[in-house]
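What follows is a set of structures to go through.
Each of the two complexes below includes subunit A, the first together with subunit B, the second together with subunit C.
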Partner chain A sequence: MEFQFQLFGPLLIHTLSYWWVIIPSIFLGLIVGAIPGFSAANTIIILLPFTLVMDIEVGLIFMVALYCSSRMGAGIPAILVNIPGTAGAAATPLDGYPMTQAGRGQQALAMSFVASSFGGLMTTIIALLAMPLLAQVGYYMHSVEMIVVMLFGISLIASIAARDTHKGLIAGFLGLMIGSIGTDVVYATPRGTLGFLELYDGVPLIPALVGLFAVSEAFLVIEQKSILSKKGLDAAPSVGWSATLEGCTIALSRWWHITWNSIIGLIIGVIPGAGASIASFVAYQQSRTYSKTPELYGTGHPEGLIAPEAANNGVTSGTLIPLLILGIPGGATAAVMLVVMQYQGVTLGPTLFQLNPELGYGVFMAMAVTYFFMILTILPLARFMTRVTMVSTVYLAPCIIAFTLIGSFVPRVYMFDMWLGLAFGIIGYIARKTGYHVAAILIGVILGPLLETYFLRALKMSDGDIMVLFSSNLGNVLWLALFATFLVPAGIQFKKNRRLDESREAPNG
Partner chain B sequence: MTEKQNSNTPDKRSIGGDMVIPVVALGFTLYYFSTIIDSPWTAQVSAFFIGTILIVLAAVFIFKSVAKVRLGEAGFGFSKLFSKADITSGRLSLFIVTVLYILLIEWGGFTLTTFGFLFSGMLVLSKGRDKGFIALLSAGLSLVGYGLFIIVFETRLPHGPFEWLMALVL
Partner chain C sequence: MSKTLKPTRRKFIKAAVATAGVAAIAGSPFKSAFAAKFPERNINVIVPTREGGGADRNLRTFTSVWKNYLNVNFEPGYFPGASGRVAYEVYMGKREPDCYNLIFGNMGPELLNWVVKKPTFDLNAYLYFGQVDTDPGCVFVGAKSKFKTIDDIVAAGKKRKLNVGTSRMAHPASIGILALGEKTGAQFNLIPLSGGKNTVAGAVTGEMDFSVLTSGSVAAAGKAVRTVLIFDDKNKLGARLNNAPTMNDHFGTKLPPLLSARAFGIHRAAIDKYPDRFKVLQDTFFKVFKDPAFKMAYLKAKGDWEYVNPGGVKECEKYSKDIAEIGERYKSLLSGAPKKK
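And then the complex of A and B:
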């Protein structure tokens, strides 16, 4: 595949001329991303009749803009009211919500917008330049390598457990156990379904997300007048535009953090089947591992917010690479895009860039332009969005319950899923009240079934030989990296303790 | 200290609430094992691995908790989970209203039931104040929901009298 750099300039100007499609799509994407249950893929499917009759260029720009902005939209309720819009934003409230509670919601939103836009923009440029190379990643990532990638995400449970190891581990393993509900991937034997047919496909993610985060949160916050802490309430009236600017500065000063976390997202996004949820957990865990202040994570630390937001936007560009180069969709939204492109007679694969380069490169150009417009349009809104945190819980709590439970109904249209959302709400409420971390449960629910699938696949291919887990070079490198994530924090802590001891001894000596 | 503060500060010695999650985990894992005991190994391998660890973790937690109680360091109270605040704050009533919401939405349809839920939920939490404002707000929100989810996104939300009527009008 040869690059046609001469195309980039005119293509950029041409894409900018579609601002009238991009800007409304951004707002639509922000809305569907922010409501649990309404994903970009669902919206594109709903709007498929319109998309199919649109000009292919307009249709693609619309879908790309919607896709990118929905990722960013999912982070907004995660930061403001502790409700991730999608599973991809499940790591965002870990540090985003404590910032809001402390009255720094506007700053947190600005940080998230900058991390998402710059992370997305950067990975779009990288994807554009390294497309052929990145397309190969999927070929090297087999079950064994994927098991290690999953373990990177799951190891976040251990970090969460650091505050109360025993309770953290119980929560994480309970999540993994809940994630194992459903039929097994090889013989479709029903397991732990409590007799419900609706659980044969496994535990649906949206009711779990809605229940553990939103419903439990709504039942907890009614004890207070506002979701803000006393300090946050005192500070809120005096917060002005400067908080947005401050948030931008904090995020931009961590440009390197945005870069490497968005690259983590890009690489994970390229792997078919992996997604934003894995990327955001892995990024959060990596960020915490190599941080000089890991103890601040979970208390409203900017890097804990920037890492998952940059990563889940990096995934967006990643998922489109196998779609365009190999014709393999890397996720649900990419699969819907594939349908639209095929309907319009576009052949995907390497020939796309030779026969129809404007379209091939145009997708990434649309993405870059979307991120550019996104930061311009959404950043000024941060101040107004944070007003939601000032709303009394008398009005907020019933709204959260009603609209998120409806969100859990939407993906499968089962009444059962609303009950499931409530059941997870009760589990989440008990967990929060008694000091078990709901994020640890959710990580287990999301990553558990994926880990089992890859694990069984690896075992089946090796006739049950467990040593298959150490049979590939790339896999072994990843295993070493995984061990490093456990050893590095221990090393840093050891160094810190030694320095502390030395400084204590110094005045005496 | 006020009554509200009292109700929000659970007795630190009550560890009954802390044991709910491990007991649920233990019970669920044992039930899960019972469903896979005769299954092929592919259905068992990861569940047995995860489940065994969970059983050990939960059992150790329960054992430690019981030991604390026997030593007189703690009691089996549930004050962390249940307190007078659950009734005074309207939490229990809101929970009942939520259960009714899910029960009735299939027949009442999205818009009417959501209006009923928002109105009664907010009324319970506000302790009966601002009825007019709450009625207007609930009506506005459920109509916005109807417009966004049913009209714009064409989501298959439960239909009831309001949706059928609007379908005839529009």
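And then the complex of A and C:
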């Protein structure tokens, strides 16, 4: 694949001329991303009849803009009311929501918007320039390597357990057990479904997500007057535009953090089958591991919010690379985009950039322009969005429950899923009341089935030889990196303790 | 002169009988069958695979023309879980048998599911009535694979067990590769990758030594892959499938064509209850194939016109019987159960 740099300038100007498609698509994406159960993929499916009659260029720009902004949209309710719109935003409320409770919701939204837009923009540029190289990632990241990547995310349970070992591990294992419900990936034998057909596909993510986070939160906030803490309530009325500016400054001052985590997202996005949920947990875990203040994570730490938001937007550009270069969609939205492109008679794969370079590069150009418009159009709205946190819980809690239960229903249109959302809400409520961390349960539910899929595949490929886990060079490097993530914090802690001891001894000596 | 309105006894009896008849029909459960036009509302279609695959493409292309004959839209719902098993259980257990609910299945793999493990519903409670296409299975490698021909694969398979990506264990193409192993003595290890896209990715990225899949999906993958064997009587796509030989020609086997046939299915109860509705569905179904708009849409969506193969209840029944028979032969290998001695 040869680069045609001369196309970039005219393409940029050409794409900018489609602002009338991009801006409405951004707002639509923001809305569907923010509503649990909706996503870019099912919105594109719903709007497929319109997309198919559109000119291919307009259709593509519409889909790309919707895809990018829905990712950002999913973070808004996660930050403001502890409802992640999609599994990709599941790590966002870990630090985003405590910021809101402390009256820093506007600041948190601004940080999330900046991290999402700049992370997305940066990875789009990287993807554009390093497309052939990145397309190679799929050739090396196989089942064994993916097992280790999953373990990076799952090891977050261990970090959570560090605060209360027993409760953290119990919650994590409960999540993993719930995640193993459904049919096995090899012979499709149902396990733990209790005879419910609705569980054959495994525990659906959205009811688990909204139940554990949002419904349980709604049950909790009923007991209070506001979702804001006392300090937050005192601070909220006086918050002005300066909070948005402050959020932007905090995020931009951590530009390296945005870059690093969005690249994690980009690389995970390139791997067919991997997605934003993996990327956001891996990014959060990495960010925490190499932070100088890991103890602040989970309490409203800016880096804990920036990492998953930058990563899940990095995934967006990543999933399109295998789609455009190999013709293999990297995720659900990319798969739907493939249908549209096939309908329009566009052949994806290596020949796309030879036969139709304007379209191939145009996808990434549309993405870059979308991120540019996103920051301009969405950032000023942070101040107004935050007002939802001022609503009394008398009104807010029922709204959260109603919206999230509808969200549980939407993806599969099963009444069963609404009951499941409620059941997870009760589990989450009990967990919170008794000091168990719902995030640890959720990590197990989200990453457990993926880990099992790759693990069983690797074992089947090796005829049951467990040593297959150490059979690849790249896999072994990743194993070392995984061990390092356990050892480095322990080493840092050891050093800190020693310095502390020395400083204590110094005056005496 | 005006006509007299005085009722006679005969007139009265006629009017009373007519009124009673109208009232009886209006109040009877057959009302809709007699009076209503079919279809009055959109038709729901359950699809046992994910969005974006070959079945989805065929469904959308076919229904984009079929809807013009029925004057309603089709609303697909995707239930890919447990190799399509969930879709059938949902269809049979939760959808009304009223001809407004159809299933668009991939007959081959889904009938093999029942061979491996029986569903909870009676297998005779539904039937396929509209076959759209028949797509033969094939063996293919990634463009960067060291294997160039099927002979390279067989030779390597005699030295070590090769990992073979497949969409699902119970798939006609999986049977094809097992038959090849049986014929040549090469060893193959089937790895289910959940769906056509993943199966192509398995071969392209080199995680699998090679993959097996329906050839239409493989042809759609273009230059990223290279086809080396077809499980059919003839390579109908020629150069688009790299002029790969057929199994029977190359190895002298007498294997029946191992096809995936995409077809519309319906509750048998719906046919019994609403025969007139079913007739409308059948008649309009066949009209689609004669409509030039269908061919245009199919080709535009990069479908392989050579595989379009209209079939009714009879053809579907024959296909079902054949695939079930061959499935029974390889049941132990497909289900992972030990072979009975």
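Please note the rule applied: the second predicted complex is superposed on the first by the 508 of 509 C-alpha atoms of A that agree within 3 Å, B and C clash if a C-alpha of one lies under 4 Å from a C-alpha of the other, contacts with A are read in each partner's own complex, and residues count from 1 in each chain.
Here, a residue touches a chain if its C-beta (ideal position, glycine included) is under 8 Å from a C-beta of that chain, and two chains touch if they have at least 3 such contacts.
A quick note: this is a predicted structure, and the numbers were derived from the prediction, not measured.
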item: Overlay on subunit A: subunit C relative to subunit B, clash or fit; value: fit
item: A:436 touches, of subunit B and subunit C: first, second, both or neither?; value: first
item: Contacts of A:461 with subunit B and subunit C, given as first, second, both or neither; value: second
item: Subunit B versus subunit C as contact partner of A:399, first or second or both or neither; value: first
item: Vertex subunit A; arms to subunit B and subunit C (CA centroids, nearest 10 degrees); value: 80
item: Partner chain(s) touched by A:328 [first = subunit B, second = subunit C, both, neither]; value: second
item: Which of subunit B and subunit C A:185 touches, first, second, both or neither; value: both
item: Partner chain in contact with A:419 - subunit B first, subunit C second, else both or neither; value: first
item: Subunit B versus subunit C as contact partner of A:268, first or second or both or neither; value: neither
item: Subunit A residues touched by each partner, larger count belonging to subunit B or subunit C; value: B
item: Contacts of A:143 with subunit B and subunit C, given as first, second, both or neither; value: second
item: Subunit B versus subunit C as contact partner of A:43, first or second or both or neither; value: first
item: Three-chain overlay, closest Cα atoms of subunit B and subunit C, distance in Å; value: 8
item: Touching both subunit C and subunit B, counted on subunit A across the two superposed complexes; value: 185-187, 189-190, 413, 460
item: Complex interface listing, subunit A residues touching subunit C; value: 41, 45, 48, 138-139, 142-143, 182-183, 185-190, 197, 200-202, 272-273, 322, 326-329, 332, 335-336, 338-339, 342-345, 347, 349-351, 413, 453, 457, 460-461, 463
item: Contact footprint of subunit A on subunit C as seen in their complex; value: 50-52, 56-57, 60, 77, 79-83, 85-86, 89-90, 93, 113, 116-117, 144, 161, 163, 168-169, 189, 191-194, 197-198, 200-201, 204-207, 220-224, 300-302, 335-336
item: Of all residues in subunit A, those that touch subunit B in their complex; value: 31-32, 38, 43, 46, 166-167, 169-171, 173-174, 176-178, 180-181, 184-187, 189-194, 215, 219, 222-223, 393-395, 397-399, 401-403, 405-406, 409-410, 413, 415, 418-419, 422, 427, 430-431, 433-436, 448, 451-452, 455-456, 459-460, 464
item: Residues of subunit B that touch subunit A when the two form their complex; value: 8, 17-18, 20-22, 24-25, 28-29, 31-32, 35-36, 39-43, 45-47, 50-51, 53-54, 57-58, 60-61, 80-81, 85, 89-91, 94-95, 97-99, 101-102, 105-106, 110, 114, 117-118, 121-122, 125-126, 134, 137, 141, 145, 148-149, 153-158
